[in-house]
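Next come the structures, one after another.
Next come two complexes built around chain A: one with chain B, the other with chain C.
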Partner chain A sequence: MEGWDPNTKSTLTKIPLLTTKAGPRDGAVWTQRLKEEYKSLIAYTGMNKSNDNDWFRISAANPEGTRWTGKCWYVHNLLKYEFDLQFDIPVTYPATAPELELPELDGKTHKMYRGGKICLTVHFKPLWAKNCPRFGIAHALCLGLAPWLAAEVPILVDSGMIKHKDDKAAATAS
Partner chain B sequence: MEAELKGLMNDLEALKRAIPNRSHQDSIAKMQRRAEQLVDLANSAPNRRCKVKDMSAEVVDSNPYSRLMALQRMGIVENYERIREFSVAIVGIGGVGSVAAEMLTRCGIGRLLLYDYDTVGMTKTDAAVQTLADINPDVVLESYTLNITTVEGFETFMASLTNKNLSTSKSGSGIDLVLSCVDNYEARMVVNQACNELNQTWMESGVSEDAVSGHIQLLVPGETACFACAPPLVVASGVDERTLKREGVCAASLPTTMGYNALKDYFPTMEMKPNPQCSNSACLERQKEFALAKPARDAIAKAKMEAEASSLAECPVHEDNEWNISVVADSNVESTAVHGSSGAISYSSPSYYVSGMIFLITTGAMHLSALPAGLVHELPRADEFTSSPVTEEASTSVEDLEELRRQLEALNAD
Partner chain C sequence: MDAELVELQRQFELAQEAKSSVRLSERNVVELVQKLHDLQIIDYDLLHTVSGKEYITPDQLRLEMMMEIDKSGRVSLIELADVVGVDLYHIEKQAQCIVVDGSGLMLIQGEIIAQSYWDNVAEEINDRLQESSQIALAELAAQLNVGSELLTAALEPRLGRIVKGRLEGGQLYTPAYVARVTAMVRGATRAITVPMNLSLVWSSLQQQLQENNGANSVAVEGSFFQSLFNGLVKEGEILGSIRTGVHWTPAVFAHAQRESVDSFFSQNTYIAYEALHKLGIPQPKQYLQSRYPEGVPLDTVFIHPSMIDMLDSATEDAIERGHWIDSLSVLPALFGTQDASKLLSLCPSVQRSSSDALILGESCVLSNAFVKAVALFTQPGPSGNSNITSKTKVTDDSDSFTEVGTDDSFSKPSFEKGSKRKKGKAAGTKTLESGPAEIENLPAKGKKNQRKSKETSSVQLSNTKSGAKKDPDKIKEDDLIISEECIMKKITTLVADFEDQGGLDDPHSLVAALASHLRPMLLTSWKEKRKALLVENADKMKRLLNNLQKKLDEAFLNMQLYEKALDLFEDDPSTSLTLHRHLLRTTGSYIVDMILVTLDMHNKLKNGVGVEDSKTIEDTTLSAADRMSLAKSLPGSLSVKAISVVEALDAKQVETFMTALRNLADESGLLLKKLDKKLEKSLLHSYRKELASQVSAEMDAVAVLPKVVSLIYLQVYNKALQAPGRAISSAVARLKDKLEDSAHKVLSDYHTATVSLLALQAAAPDDVSIQAAME
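Moving on to the complex of A and B:
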């Protein structure tokens, strides 16, 4: 984990780790895992709010907790850029990490696979694999999505690939 | 298309009669000529051939199987037509999968099941079915547009693999082979999961980012290493993967970095035994079954050897050996060939040992759960963690799932 900023590192240590190794096909054990996911997400969201670093909303989109939807945002040059966030829990979870998707950015950056799946290969997948099953959704957001947004949003804005919603509104009004 | 073209011709004719203006007549006549050309083109398009009931070896231009059936006469295969009893599932219809599908179709395979969720104007699987049906209408084609990594997609995937009703095979299972032609680690792990659960033999393939090397792996559940038995090199050894990957590209996954090298035409092969500590429980079950079946396997092998020994006549195969030809073991051949080739052929034996060593590191890391020198565990190890207070807290808490969901939603609300 050399190369990670001290803030991320200290935040990471405070996100509760998970213990149950179970995927969505594992019945009752999955429910146990899901409870741990919630606890870890609640702790992380609360921590972000108290540190004035609130940057995502995520909730289960089905009762089984296998599909998650929400929003994430990033502030660049004092402007807030918000994106839809979605992902499925893979059948091989937690051996494989969830593939986080930002569908609105599909086709706008090379750091992305089909369907808006952000590229986690280099900076996140090895960490996830080494820490299976202790990392969960909260860790994927903290170590996978947050650094991706920090690296890609400024490039997307500066290259004109994405526009702030106020600029877009102004452009259509004029 | 024929009806559309005919309609167009009629419309043009009606237009010609309706407009008396001479200057327009010329341009309408020009359009009519173009439409006639289109009709000609449509008529000359190759028609799909009829289905062939029985494969024949007769060499006539109407028989597409004569060359394949010739393999039988040449003694390469015993009964070529048995290929029609086999079903193959191809997961991922991209650079590898579409070519594999085409080759099997041209060979006259009985049934192909195609899986992909990507599109190329239409779904990739439908596009493949269209093309393949034109190539060989005898093949039964099934198109599945789904993502096998999701719970829903996986259920359909498993059901399609075990569906015996549609099977052309006379044996019990729904299919005979699964080909993994996907481009990512997640999908490979899902194919691995399905095949371990179904005790299904499968082949894994991959092409490197620079497109000059790749790998092929045969996986027999319980008998050989499964895809989860040996985690990717980087994960297991802690090697900085940026040394393996090109910057700025998000392409195929890591395990594709070992195997065939086309630039050096070097294809190392190795056998991998299953990992007794594999994280995949279905793999462990298959390993147990394979171990239990060992006496039966040994008996069959012994019987086969004895049968072969008895069938061989005691007298030598050739009465005389004028040129002193003898059979030499493979290892001897390689060393003598290197000496004898005067540098024309360079065997890459050192590289072979390097990949062998990488694998040793990988397995070593798995067994000792120790990282190579210079690397440290950033977080508490699993065994240490279980004794940490967090675990106790988790096990003693009796919070309801609904309560937790409500808490998160409350946080999400503002």
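Moving on to the complex of A and C:
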């Protein structure tokens, strides 16, 4: 678990673990799994909110719950940078972690695959594999996207690759 | 689609929609507060706690501090800082505000103390005090951890209210205790009747208290006693006066003191300062002067003016009667000489008659008439003598004369010296018994000594005996000066009571003073006298010498005559010796005596001493010792010659005597006539005539014999023989050749008859037969 900052770690341990090992093609068991995912997400969101650390909104884009869309944001220099977030639950889920995509930032940073999929740290995959099936979407967000945002957004802002929406608006207006 | 899932979806939605709680970082909050401050929204000082995590307003701080203070009544600021959690600086600042605002609060040595606290403490103290009856403040202060001054200040307003007791010298006492100690002090001080140092009293009281209370009692301080005592004095419970805080003089004592001084002074009209000292009056002079302004302070005594009157009348009397008075004899024994002289100076009579009176020896007043009389009496010479002899022993006086004639003149001065020294000593340590005896001795000695020294002065000129120098009397005499000592002696002889009264230290003080006063006067008069005497004596001397010469001529011729007769017996040594001795003893000694006595008198006259009875001397016969002493008393070389003559007299040779006699005569300026034929013849003739008349006149056969013999010698040898009885027989035998047998026979028969008669003197002498034989 080394490689993550203590905050992340403590938060991670507080997120409820999942028990059902089922993928999207497993029918009822998947449903069961999906319920656990929700419970986990609810707990994580509640935790974030109580810590004044709310940083994403997601919802299932299809009834099966294999595709998820939403938004995520990061505050840098008192400015809130907000990005679209989308990902699919892979068929081999939960053995394979979902690939989180930030389509807005596609082509703006090295730490990203084509299509806006973020590059996770080397530590993520072994950890995920070790904790299968106990980790779920909430864990993936916590361990994957949150550190990535914290690391990348300041660089992107400083390098001018991304601009705050107010600035964009001002720029367009002018 | 599972309902449960939908529900979860909805719940998730809700969870995401729920407003997240706002959380500010500390930094944000600090910034925010700063912002508010900048914007003047918070317009008062904000303080923060020591941890830095909290803001606190001064009002709140004050409130919290007040709460803390109210809890115990006494809080130290440091404690407050800890409890409230605010920096000490702010606490102190607020504490000052609180103390200024809050009634009954005080800030002392970093502590805030409320009046209520003191009330509590006072009650506590009271409880303890009632238990133990006394507590030391210092002890309390140490227990309460406050300064004793502070405690005192806090306790004082509560003393009678909450604390039932009394604060004295750092000690708290209960009234009962105070009452008890007060009683002790009162008792002790009332018992004191003499002046005393109070601290001594206090220390003894302290000891007593300690003994009574045992070991646990606290030492009561002297100041406590003192304050109690002062209170008592103020209330009039004890009477007296206190000086320099500690010297207590009870009124009883002061009263007694005054009484005794009053009574003594009024009874005796004087009082000695020493007596006042004994009574404990430190400065008697001032004391007396303030008490008796009319009195007169002297050096050692204080007197009433009546004393002066008394002395005045006495001195006046003395002056008028031409007498003298020693003021010390009139005054009480306490008076010293200085007092007396001071007193005398105050006497009006003395002041008035300063010309008529003489103050000597500080205390004695002598009227001038008296002084004159004394001066008259003490003058040397016949007038003084005649006056004084009435007092001197007659025997003594006559003794002195015989001594002059006969005594060994060397032994005399030394004896005098010895006696004088003894006398001096006796005078120094004069006792009652020895006093009068000395006085009696004194005049005779004085006289004698004086005269004696004059007699011997010429001897002593040559005689360098050191003893003579020691005797001031004699040395002075040599210099023709009258010593004070001898004047003193005369005065004491004259006025015997001088000796009795003499000063304590020196019996001769007055006499000495008088003597020194008189001396110059006496000296001149004495010198005059002496001169007159010398003139008178010169006359006498001439007569004396003439007389001597006349007698000497006669005697010496006889001597020579007899001497010639001695030649007849040259061949008979034994008879010659007897004859020599006989001649020396009779005629020789007569001549020597005459010369010596006359020379002695001449000597005296030369020195100006009156010798009245010069006639009497002629008949005196001197012993060998007398001769020697006289010879020695003669001046200078004369003495040597005289001594040799005296010695020759004792020898058996007429010749040596004759030479010595001639020497003496030469020395003394006398003439010795040589025997010439004509003179011899006439002398022999007259001698024969005399002898013949004597023989015819003489009835006693025995007495006639030597005369007959010498008559026959005169006829036969034409020489005058002086033969003693023993030499008669040899003289008769010598005549044998010269006379006819019958005549010689008769003579020898006469001689034998005389011898037998002398032998049978006791038996009835046959006068008739002897008479016949003689015929």
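Everything that follows uses one rule, which is that the second predicted complex is superposed on the first by the 172 of 174 C-alpha atoms of A that agree within 3 Å, B and C clash if a C-alpha of one lies under 4 Å from a C-alpha of the other, contacts with A are read in each partner's own complex, and residues count from 1 in each chain.
Methods note: contacts are C-beta pairs under 8 Å (C-beta built on N, C-alpha and C of every residue); 3 or more make two chains touch, one makes a residue touch a chain.
As the structure is a prediction and not an experimental result, all values here were calculated from the model.
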Task: Overlay on chain A: chain C relative to chain B, clash or fit - done: clash
TODO: Would you sort A:D52 into first (chain B), second (chain C), both or neither based on which partner it touches?
DONE: second
- [ ] Check whether A:K35 is in contact with chain B, with chain C, with both or with neither, and answer first, second, both or neither.
- [x] both
Open item on the list: For A:C119, using the defined touch cut-off, is the partner it touches chain B, chain C, both, or neither? Pick first, second, both or neither.
Closed with: first
Open item on the list: I'd like to know which partner A:T66 touches here: chain B for first, chain C for second, both or neither.
Closed with: first
Task: Superposed model, chain A: greater residue contact from chain B or chain C - done: B
Open item on the list: Quick check on the superposed pair: does A:V91 touch chain B, chain C, both, or neither? Answer first, second, both or neither.
Closed with: first
- [ ] Would you mind checking which of 4-12, 112-120 or 706-714 on chain C runs into chain B after superposing?
- [x] 4-12
- [ ] Could you give the residue numbers on chain A that contact chain B in one complex and chain C in the other?
- [x] 31, 34-35, 38-39, 41-42, 45-46, 49, 57-60
- [ ] Please name which positions on chain A make contact with chain C in the complex.
- [x] 31, 34-35, 38-39, 41-42, 45-46, 48-54, 57-60, 63, 65
- [ ] Write out the stretch or stretches of chain C touching chain A in their complex.
- [x] 1-2, 4-5, 8-9, 11-13, 15-16, 18-23
Open item on the list: Going by the contact rule set out above, which residues of chain A touch chain B in the complex?
Closed with: 1, 16-17, 19, 24-25, 31, 34-36, 38-39, 41-42, 45-46, 49, 57-60, 64, 66, 70, 88-92, 95-97, 99, 110-114, 119, 121-122, 125-126, 129-132, 134
Task: In the complex, chain B residues that touch chain A - done: 118, 147-151, 154, 184-186, 189-190, 192-193, 228, 231-232, 234-235, 238, 241-242, 245, 248-250, 253-254, 279-280, 377-379, 382, 385-386, 390-391, 394, 399, 401, 404-405, 407-409, 411-412
